[in-house]
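What follows is a single structure, and I will ask about it in a moment.
Letters A, B, C, D, E and F mark the chains as written, and numbering starts fresh at 1 in each.
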C-alpha cells in the first residue's frame, strides 16, 4: 500500500480528477496549500510597498492506493496535471504500513479501495 | 370712518403676515416665502433621494462581488468604483448637455460642463444634476456584472467613458430630455427602459462578445454552476439596492409638494410591494422547478420586482404593483434558464434582471397604467386599449436597438484597440493578481480550483 | 388721499405675497399653500424614516448571519429576506386592516388590501402604510435570530405569514390603533413593547420549542460557546441597525412640523445617547464579569440601549436616556447569562435584546416619563407616583401573555404539519446544503467541525 | 366707492391667505406658519444629514477592518464602536460646552450636559447637538486606523475620552464656536481642518509614538506590504463613507431654506465630483508609478477627494472641485509613499487621507474660494490675492500644532499609566484573542503567518 | 515511530479528540480537507445549472506516535469516528524514520510524546 | 529521498523560509493547520459560555528532499523556528519511495530539487 502525495496547479484539479476516475481511482483527499518550487513566485506592490509572493497557491492530493494502482495513479495525475509549463508540480510515493476503513473495520488493502 | 378703519385693518393683516414670517429671521435675512420653503423641501427630497440612489453603487458592487469568485473580487470592485468616478465626471462634462441640452428630437447639444445648462426641473440645477448623474452611474454599472471575471480592466474603463458621455444620455434625451419618445407619449417614470434595459442590453452585448467564462459550459454543452463566493455580501448588496430604490423611484417625482405628496407615497408602496412579490414568487418558482429555494434566485427576484416597477411605479395601483413584481420574479428565473440554454454567460444575472424586467416593466405601463395617475392614456386593463402599450413597445424596441447596435460597435472598437478579454492564464489565476497585483482575501485560504 | 393710498398699499402687499408664491409655478399649477408644504415635509419625513427602518432588515440579516455559523448562512439570510417579503404582502392584504381598521377595542376589521382603509395620520395613507409595514417587518424578523441554525425554512415561512397578518397587528391595534391599551394611557412611543418585546417573546417561545442546537450544552449541562463566524458582518449589521433606529424612533412622530420639530430633535439625541450608554456599559459589565471586553456583548449592548429607549424616547430627557440605555446594556449581559443558565439557546441574543429590554424600556416610561413631553401622567421620578408605571406594567404583561400563548399554539400547529426542526444530520452538515442546495462561502475553506 | 371696495378686497386677500393655511388644521392645533415650516424643513435636513454622518462610523469600521489583518479584526471593530459610544457621551457632558459655550476666544465654558447650552443654529438645540456630535465622533475615529493592529484597547479607550471631551472641542471652538480663527476669517466649511486634519494629526502622533508593526520594515529598512485581509469589506466602507459625506458636507449648511437651497445643491455636486476625481486620479497615479491600478489606492483616492473638498465645498465651483479632488487623489498616493520612506506605519492611510488632504482642502479655499459664494475674501485665482490663503495657512498651522502637542502629552501620559502598545507576543498572535478572547472568523481557516 | 493519518467526518472531531485524550494521546495536527471515497457526493443546482459536489468536507488528523501507541490511537479514532454510515473515513499508518522536537532538540521517540 | 513534515508557529514561517533558502532548499509546500501538543491551548469565554481552544493555529511544512539535504533542512528549520518557548513544534522525517516531477517526467532524486 502506498500514499501518493501530489502537488498540482489548482486549475488542473478537475482534469486530474477526471483522469483518476477513468483509471478507476475514486478515493482521494484534497487540500489547499501554498508552495514554492522551481516556479519562484512573483513580486507585486501593495500601496507602494514590495510584496514578494514566493508561495503560490497549489492543490495537494493524497491518494492511498494498493500497489497495483500506483502506476495507473501516477499516469493519471501526470495526464491531468501536465501543462508543460513551470509550476506543474511533483508527486511523492510513500510507503503505508497499515490501512483501516473506519466504518467497516477492514484492514490492509481492502481498506484502500 | 369705517372705510379708513378697514383700510388700516387690511394693511395690518398684510404687515402681520410679513412679521410672522420674519419672527426668526432677526438678522436682516429676508423671511422665506411659501415658495421658498416649497422649493427647499423639493430640493431636500431630490438630494436625499439622489444620495440613496448613489448608495446603490455599493449595492451593485456587493451583489456582483458576492456572486462571482474570490479570485476576481478586487477587479469587480475596482470596476464598480471606477465606473462611477468616470461617469460622474463625463456626465458633468458631456452627458448632461446631450441629455437635457437644447438640440433636436434625438440629441441635446448645450450646457457642456454645466455652463448655462438647461434645467427642466423646479429645483436648483446642481441638485437636479446630481440626481441625474447617479442615474447615469447606475446604467453604467449594470454592465460590469454580466461581463465579470473575464473583462480587461482597461477595456471596461474605456467603455465607461462612452456610455456615460454618449450612449446613455442619448436614450435619456429621447425619453426625459424632451426627445421624440416623450413627444409620442412614451412613459418610463423612473427608468425601467432608460436606465435598466439600457444597461441590461449593453450587458447582453458585452456577455455575447466576450463569450462564456472558462469552464462554464462543459464539453457536452451542459452549463455548470460557478457559484458565488460570498452570499452574505451579495445579500447586503440586494438590501442596499432595495433601500436605494426608495430613492430611485419616489425621487423621480423631483419634488414632494402638492400633488407629489400623494405621488411619493404611492410610488414608495408600489416599489416595496413589487420587490416583495418579486422575491416571494421567484423563490416559489425556483423551488417548484428545482426542488429547493435557491437564495440567489430570491435575491434576483427582489431585484426583478424592483426593476419591473420602475417604469410604472407612479401610474399603477398597489395591487397592480404586486402582480407586476410577481411576474417579474418568475421571469427572472426563466430568464436565467434561457440564457444558460443560449450559452450566454452572465455571472450575476444582469440580463434577466435589468434587461428582461426592464422591458417587462415598461410594457406593464401600457397594461395597468392609469390616466388618472398622470399617464397619457389609460392602459389595456383600464379600458385604454392597446394605444399606450403600443407606444411602450415602440420605446422598448427603439432604445434596445440603439443600445445594442451602438455598443456592439463601441465594444468592437475597444476590442480592436486594447482587447476585451484577459488571457486564459489570467482568467484561471484570477484577475486580481494579474490586473491589480493584489488579493481580496489575503488572510484566508481560498480555493482557486474553479 | 392717504386713505386711498393705504388701501392700495394693502392690496399691493397682498398681491405681492401671492405673486411671490407664484413665482416658479408659471405653468398653471396652483401655488402651494403653507399647509401643502407642511404636509409635504411631514410626508417626506415619514417616508425617509420609513426607508431607514426598512434598511434595518439588512442590519438584522447581518447580525444574525454574523453571529451564527458559516454552514447556515444562506439559510438565515433567506429567512431574513423572505420574512420581509411575506410580511409586506400580508400587512398590505390583512395586517393593516386589523391594526388600524374600525372595529372594537381588540381588533380592527376594515380596510383589507388598503381599500377604503382608515388613515389616522396627517400624511397620505400609502406613506403611512409603508412606515407601519416596515415596523411589522421588524417585529417578524427578530424571531429568526433566536431560532437560527435549526429551524426548517418552510416552518419559518409559515410562521411569517401568521405574525404579520394577525399576531403583530392585534397588539398594534391595542396600542396604536385605538384599542384598549391606548385608552388606558399605555404609552409605547416607538414600539419597545409593540415591536420589540412582541418579537422577543415569540423568539423565546420559538427557542424553547425548538430546544438548543446540538452541542450547545455539554453532557454536564455546561453551556459551550458556539462562536459567530463573521464578526465584521455582525458589526456592520449593528451599525446599520443603529442608523435605521434614527428612522424608527424619530420617525414615529409621523411629522416634523410644529411641536414635532422640537420632538424629533429630542428623540434623535435620546436614541443616540441610550445606544452609546448601552454599548459602553455592556462592555464594562462583560469586562468586569469575564475579564475581557467581549465584542459581541458590546454589540448587544448597543442594541439593548436602542430597544430600551424606543418606548420612552419622546417622553424623557437626554440624561434619563443615558441611564435607561446604561441599565439596558447591563441587563443584556445578565440576560444572556440567565438564558444559558436556563438552557435556552438563543444564538444571537434576540431575547435579552428585544424581549428583556423591550420590557425594560416600556417600564422606564413610567419611571422617567414627563407629562410636559406629552405623556398622560408624570412618571415615578417626576412625582407622578406609580400610576403610569402600573399601566406600563399591565401593557407589558398583556402583550407578553398574548404573544406567548398565541404563538405557542401557532408553532405547535406548524410543528404538527411540517415540523419545526431539521434533522440532526442536516443540522450537523449545515442547513445551507440541505435546505437550499448551496453554500455561503464556496471559495473558502470552512470548518464544519462544530 | 372704489376705495371701499379695494380696502375690502385687500382684507379679503389677507383673510383668504390665512384661511388657506388653516385648511387642514381643523383639530384645534394652531396652523403652522411659514416660519414653522421653514424651521421644520431645516431641522429635517440637519437630522437626516446627521444620520448620514453617523453612518460614516460604519464606513470607518469597514475600511479599517478591511485594510488590516484578520487576526485583529474584532479589536479594530471594538475600537470603532467604543469610540463613538464614548465620544457621544463625552460630547454631551463636556465637549459641546467647550465648543459652543460662552467663554473666550480659545474655549467655551457653559452648557455642560446641554443644560442651558447656547445654540448658534436656527434648528432646535438637540438636533444641532446631534449633528455636532457625529462630527466629533468622526474626528475621534480617524485615529484608530493609523494606530491599528498594535494599540492596547484600554489605551485607545482612554484616548477617546480626552479627544471628544477636550481636544476636538477646543479646535471646534476656534473655528465654529466663535473663537479666534473664525474672527480672523478662517474658513473651513465642513471640517477639512477641524475634523479631518485634527484626526489626521493625532493619527500621525499616535503612529509615531507606537512605532511600526512588527515586520513592516525589513532589516534593510525596506517597507514590506502587510496587505489588508478583506478588500470587499473595505470597499463597502468607502462607499458608506462617500454616502455619509453627502450628509457631512451639504448638511453643514444647517438648513435648506432660502439661500441654502442653492447652496446644498452646489455642495452636493462638489462633493461628488471631488470624490470621483480623487478616485480616478489616484488610480491613474498609482498605475503610472507602480504599473498596476492598486484598488486600495483607488479607495484612498476617493476618500482623499472627499476630505479635500470638505473645507471648500460651499465656496468653489464644480470645476474647481474636480481639480481639488484630482490633486487630492495624487497627493494621497505620494503621501503613502512618503510615510513609508519615513518609516511611519499607518496601516490604512489615515494620515495621507485625513491629515494631508485636510490641509490641502483648507488651503484650496484660499485658492479657488469665491466671495460671491460667502467667503470673506476671494481666493488667489479669483483675484483676491494671498489674503485668504494666508489665513487658511495660519489656521492649518495653529490647529496642527495644537493637536500634535496636546496629544503628544496625552499619549505620553496614557503610555505611562497603562502602556500604549501590546506585547510582541500579543501582536504576533493577534489582538483579538488576547484583548477580547475571541476571533473574527471562527469558521474560516485563517493565515496568521504574517 | 509512526505517523497516523486519518480522514474523518468533521462533526466527529470532538469525539475523536475526546477518545484520544482518554488514550493519553494529546498531540495531533488537524486540517480541513475535501475528499471523495465510497461516499460519492451529491448534486445540486445553483441558478439552474448542475453543481456536482463530489468532494465532501472532511477533517484530516495527523498523529505522530511511538510504536506502542499505534494501536491505542487506532482504537481511539475508530471509537470516536465510527457512525457506521458511509463516509466515516479511513486511516493510514506510515513509518517515521526520525522525529525532532524543535524546542528541546530531543530526537526520536521522546520527541513524539 | 525523504519527506520532512514540520509543524511550526505561524509567525516563524518567514524565518524558516529564510533559513531554508540559505541552505539552498527552495522547494516546499505549506498548509494551515490547527494542532495540539505540549502547549495545551487556552480557554476563553464567548458571551459568557466557556470556549476551550485546545487546537492552536500552526503552520505545516512539507519538504521533499534528497538524503544529503535532510540534515541541512532539519538544521534550517530548527534555526528558523526555535524560540525556546512551548509550542515550537516538531518535525518528522518520512521515507519516500518514488518522486516524479510532473512537468518533465523526471523520476527519483532529480525530481526533488
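Brief remarks follow.
The rule we apply is simple: a contact is a pair of C-beta atoms (placed from the backbone, for glycine too) under 8 Å apart; a residue touches a chain by one contact, two chains touch by 3 or more.
Quick caveat: nothing in here was measured; it's all calculated off a predicted structure.
In summary, the chains found to touch both chain C and chain E are B, F.
Spacing of chain C relative to chain F, judged by their CA centroids, is 52 angstrom. Per-chain Cα centroids separate chain D from chain F by 47 Å. The multi-chain contact residues of chain E, meaning those touching 2 or more other chains, are 31-32, 44-46, 51, 94-95. Each of residues 3, 7, 10-11, 13-14, 17, 33-34, 37, 39, 41, 44, 48, 227, 230, 236, 290-292, 294, 296, 437-438, 441, 444-448, 450 in chain D touches at least two other chains. A list of each chain pair in contact follows: A-B, A-D, A-E, A-F, B-C, B-D, B-E, C-D, C-E, C-F, D-F, E-F.
Of all residues in chain E, those touching chain B in their complex are 44-51. If you check the complex, the residues on chain B that touch chain C are 3-4, 7-8, 10-11, 13-15, 17-18, 33-35, 37-39, 41, 44-45, 48, 52, 69-71, 122, 227-232, 235-236, 238-240, 242-243, 246-247, 250, 256-258, 260-262, 264-266, 268-269, 272-273, 275-277, 279-280, 283, 290-296, 298-299, 302, 318-319, 322, 441, 444-448, 450. Touching chain D in their complex are the following residues of chain B: 3, 6-7, 9-11, 13-14, 17, 20-25, 29-34, 36-37, 39-41, 43-44, 47-48, 50-51, 54-55, 57-58, 61-62, 65-66, 73-74, 77-78, 80-82, 84-86, 88-89, 92, 113-114, 123-130, 133, 153, 230, 233, 236, 435-445. Remark: chain B residues 222-227, 286, 289-292, 294, 296-297, 333, 336-337, 340, 349 touch chain E in the complex. For chain F in complex with chain E, the touching residues are 2, 5-8, 31-38, 40, 54-55, 58, 60, 70, 74, 77-78, 81-95.
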